[in-house]
Amino acid sequence: MKFEGSHILSVNQFDRESIERVFDVANQMVPYAKRQKRTTVLEGAILGNLFFEPSTRTRVSFGTAFNLLGGEVRETTGMSNSALAKGESLYDTARVLSGYSDIITMRHPDSGSVAEFSQGSRVPVINGGDGANEHPTQALLDLYTIQKELLYHGGNIDGLHIAMMGDLKFGRTVHSLSKLLCLFKNIRFTLISPKELAMPDSILSAIADAGHRYTISETIEGNFDADICYQTRVQEERFGSQEEANLYRGKFRLNQQIYTKHFQSKTVIMHPLPRDSRTEANELDNDLNMNPNLAIFRQTDNGVLVRMALFALTLGVEDIVSKFDKEVHWYSGH
Amino acid sequence: MKFEGSHILSVNQFDRESIERVFDVANQMVPYAKRQKRTTVLEGAILGNLFFEPSTRTRVSFGTAFNLLGGEVRETTGMSNSALAKGESLYDTARVLSGYSDIITMRHPDSGSVAEFSQGSRVPVINGGDGANEHPTQALLDLYTIQKELLYHGGNIDGLHIAMMGDLKFGRTVHSLSKLLCLFKNIRFTLISPKELAMPDSILSAIADAGHRYTISETIEGNFDADICYQTRVQEERFGSQEEANLYRGKFRLNQQIYTKHFQSKTVIMHPLPRDSRTEANELDNDLNMNPNLAIFRQTDNGVLVRMALFALTLGVEDIVSKFDKEVHWYSGH
Amino acid sequence: MKFEGSHILSVNQFDRESIERVFDVANQMVPYAKRQKRTTVLEGAILGNLFFEPSTRTRVSFGTAFNLLGGEVRETTGMSNSALAKGESLYDTARVLSGYSDIITMRHPDSGSVAEFSQGSRVPVINGGDGANEHPTQALLDLYTIQKELLYHGGNIDGLHIAMMGDLKFGRTVHSLSKLLCLFKNIRFTLISPKELAMPDSILSAIADAGHRYTISETIEGNFDADICYQTRVQEERFGSQEEANLYRGKFRLNQQIYTKHFQSKTVIMHPLPRDSRTEANELDNDLNMNPNLAIFRQTDNGVLVRMALFALTLGVEDIVSKFDKEVHWYSGH
């Protein structure tokens, strides 16, 4: 995969080699994210950060990643007052707005909108989430986190056993992550969800076609020797009826007691965030906050590294980042 | 006209010499906008980009123009929660906010508001649109585009024949552009609009007083040897009744067939954008997208150049921009 | 008080020495705010400017202060679409968002929210207002203004006579300012308000306990030899009934005539802003705008200096700011 000048629209664009390239560059970004030094490689470059649908953390993560490479950020949030709302085509919007920046990150509520937009853009476009369709940087940061966490325990992605829990039907993140995992070897999926929210057949076929194994379960029972437990939120409005929802309420949550009972002591806990902290819906209990295997905040930190890597690669500066190193003078909590 | 430290509030401030000065400086900005090099002449300067009324493209265009000169942008959008909404005067708002930046760009829904605001500001204020009143940077970018397009065909503004179509009554852009054109020599206006949306008498008088000619028409008929066709959107709610609106529906649209039938093969097509891409209202059809004379996206690109020029002139750095040149290291689609 | 790496959450954190430290550093910031020179000491640092409740001037003031030190700003405004609204805890939000910046400024409608947030943050957090609770940078800029204005008249804070007028019950600013003044010597408070909006007993006790004097009054009568008149807005909805409100309407306003009649010619007029400029509610009349003792716009200017000082101190760069000095090339109205 050629990165320079390319759009990043879908996980389907990636092969194993290109994923490893992203992760190598992300690894190089660690000292900048930790404020051990800084780079000005993109000084003078402008990111157009277009969030036609709000998402604070994804938006700020992209902006911060670009700032950490030395660039500037021009931001747009919301759609109610935009030209799109007045009937302008995505093509026109792209033709105009791509004149204002060197690269564009875009979130939009409609499936396919970012790809359509990219056809009018003269600068690279990175998909920051287009409705139920794709959110490739989330999938890449999830996979990057898995690799880092496994490496810490002496393992690697090949041979991984991952448990996915909760809403596997509507959870965009688990679909994309599954597709990326299919590019590796000998993966085992344990898929735990209510029947109504089971993993779609298309993903199951992809897993099987790639030669991997999966087990489907409707309850957390027995012992899972999973390396990773990827938890998601079950939204009750996804069920056909409240009766159905009540049936499953609380059955797919995770807390320290459930973790100890069903998982290995080294199983890494992941979640795409935000998690609901209100009592009735807490799919991931706060009593796990002190568990060293809770990787949810390492995931968001890794998101900055992966987004820096994608910016560097699409703008063709990945090999010269350190040529623009400067010292950091200020207090850093990182 | 003295630019340094001045407010840019109205097209009425400009004479021919000052317009040519803006365009000369805008021409110097081309290599920066094309990312052939970059300048840091305004590094450390802050733009206060105050959009009390939303306008994504104008807001981002100002911000990008300031970034391309090396400056920082602090932005405010919307008015519902602002101090203005709590009864603060524009004078107070200006006194306070002008303490936070080196120059201010402002859009506001009320006519005259930006001029009133400028009286309390200690830094230069550029009008980014004050309701039905003025939007001088749009008029300047339109005129700059006309000059560039005509030059490409070996002509210049003096002697221009321009056709203006659509809503000439409420279209702020065609009024301001007409005023600027009056400063040049021997201009011919062909004004095509429904009777209800005809060009106001004040503009017609200004055209006549300046010694130019105009023709008024209610239909696109015959052959126009216009150099420029400036199209605008006819909003149906502008008519007295739906019956009136129905009468005119589709009569002021432009597509490749109508263009070929009524215009010269070199007539340049302009539009203030956004254009409506929904079927019933498409005043400028997508089948013109491949027409090399469709200048609508060159207009928005030129907007960045003109705004860079105005920033450089009002901050008095127009002659030293290139002293702060740096190389560009990254991939550029421009 | 140790500043480097610390959160700034409450005026209660400050002793007299630490206040004087902030003011010393704020004084050093004057040439940068006046654009006589600029510094790049925080070049590459990122401020997370989180305004979950809108406040244009506080938000922009923080952002500008950070830019003036050379840093970048990533901003979030509003809460309706945030993860907090979807049930995420402040702790989680802080853990995530603190990964995206070097320091955070935060406003939030709920009392105690910023302190709670700070517990999850790995970078320093500065409270930009948490509901009725605290807004420490406002109190510091008020006190800094008092010191500067008194110095101009040859005085200092010890021995100050301050009149506070208007709504002393719900006015967060007068409470915090009173607490800070308690750290100085021999302060005299004249507290003028409707009975229903009198200064709370807790503040009166703090004043008395610190050995200062106060007088309570329900009308502006006689001559005040106050050095400072700190005016606030009386919002009619604060009263128990409209009859009660009508009783007081217009009795706590200040205009040039009332000022001349009741105050010394050198009494400095302050107000937290915004002031209401609509006729019926103008607590501070526009006819005072030419009064040289009207310090309200010097207050907001001082806010930038105080916020620059707090950024420099919490990030530990206060002693090296001038090592990164650069020239200013552009026109400045400051």
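Letters A, B and C mark the chains in the order given here, with residues in each chain numbered from 1 onward.
We adopt the following convention: a residue touches a chain if its C-beta (ideal position, glycine included) is under 8 Å from a C-beta of that chain, and two chains touch if they have at least 3 such contacts.
In UniProt terms, the chains line up like this: A, B, C = Aspartate carbamoyltransferase.
What you see is a predicted model, and the numbers here were worked out from it, not measured in a lab.
**Q** So that we know how the chains sit together, what is the shape of their touch graph: line, ring, star, complete or other?
**A** Graph shape, chains as nodes and touching pairs as edges: complete.
**Q** For chain A versus chain C, which are copies of one sequence, does the interface use mostly the same residue numbers on each side, meaning over half shared, or is it different?
**A** Different; most numbers are used by only one of chain A and chain C.
**Q** To lay chain A over its twin chain B by CA atoms, how big a turn is needed, in degrees to the nearest 5?
**A** Rotating chain A by 120 degrees superposes it on chain B.
**Q** On a C-alpha centroid basis, what's the spacing between chain A and chain C, in Å?
**A** For chain A versus chain C, the centre distance works out to 40 Å.
**Q** At least two other chains touched by the same residue of chain C: list those residues.
**A** 72, 75
**Q** Where on chain B is chain A touching in the complex?
**A** Per the touch definition, chain B meets chain A at residues 35, 38, 40, 54-57, 60-61, 63-64, 67-68, 70, 72-73, 75, 273-278, 281, 286, 289, 297, 300-301, 304, 326, 328-334.
**Q** Using the touch definition from the top, list the residues of chain C that touch chain A in their complex.
**A** 4-5, 41-46, 48, 72, 74-76, 81-83, 86-89, 91-93, 95-102, 121-124, 314-317, 320
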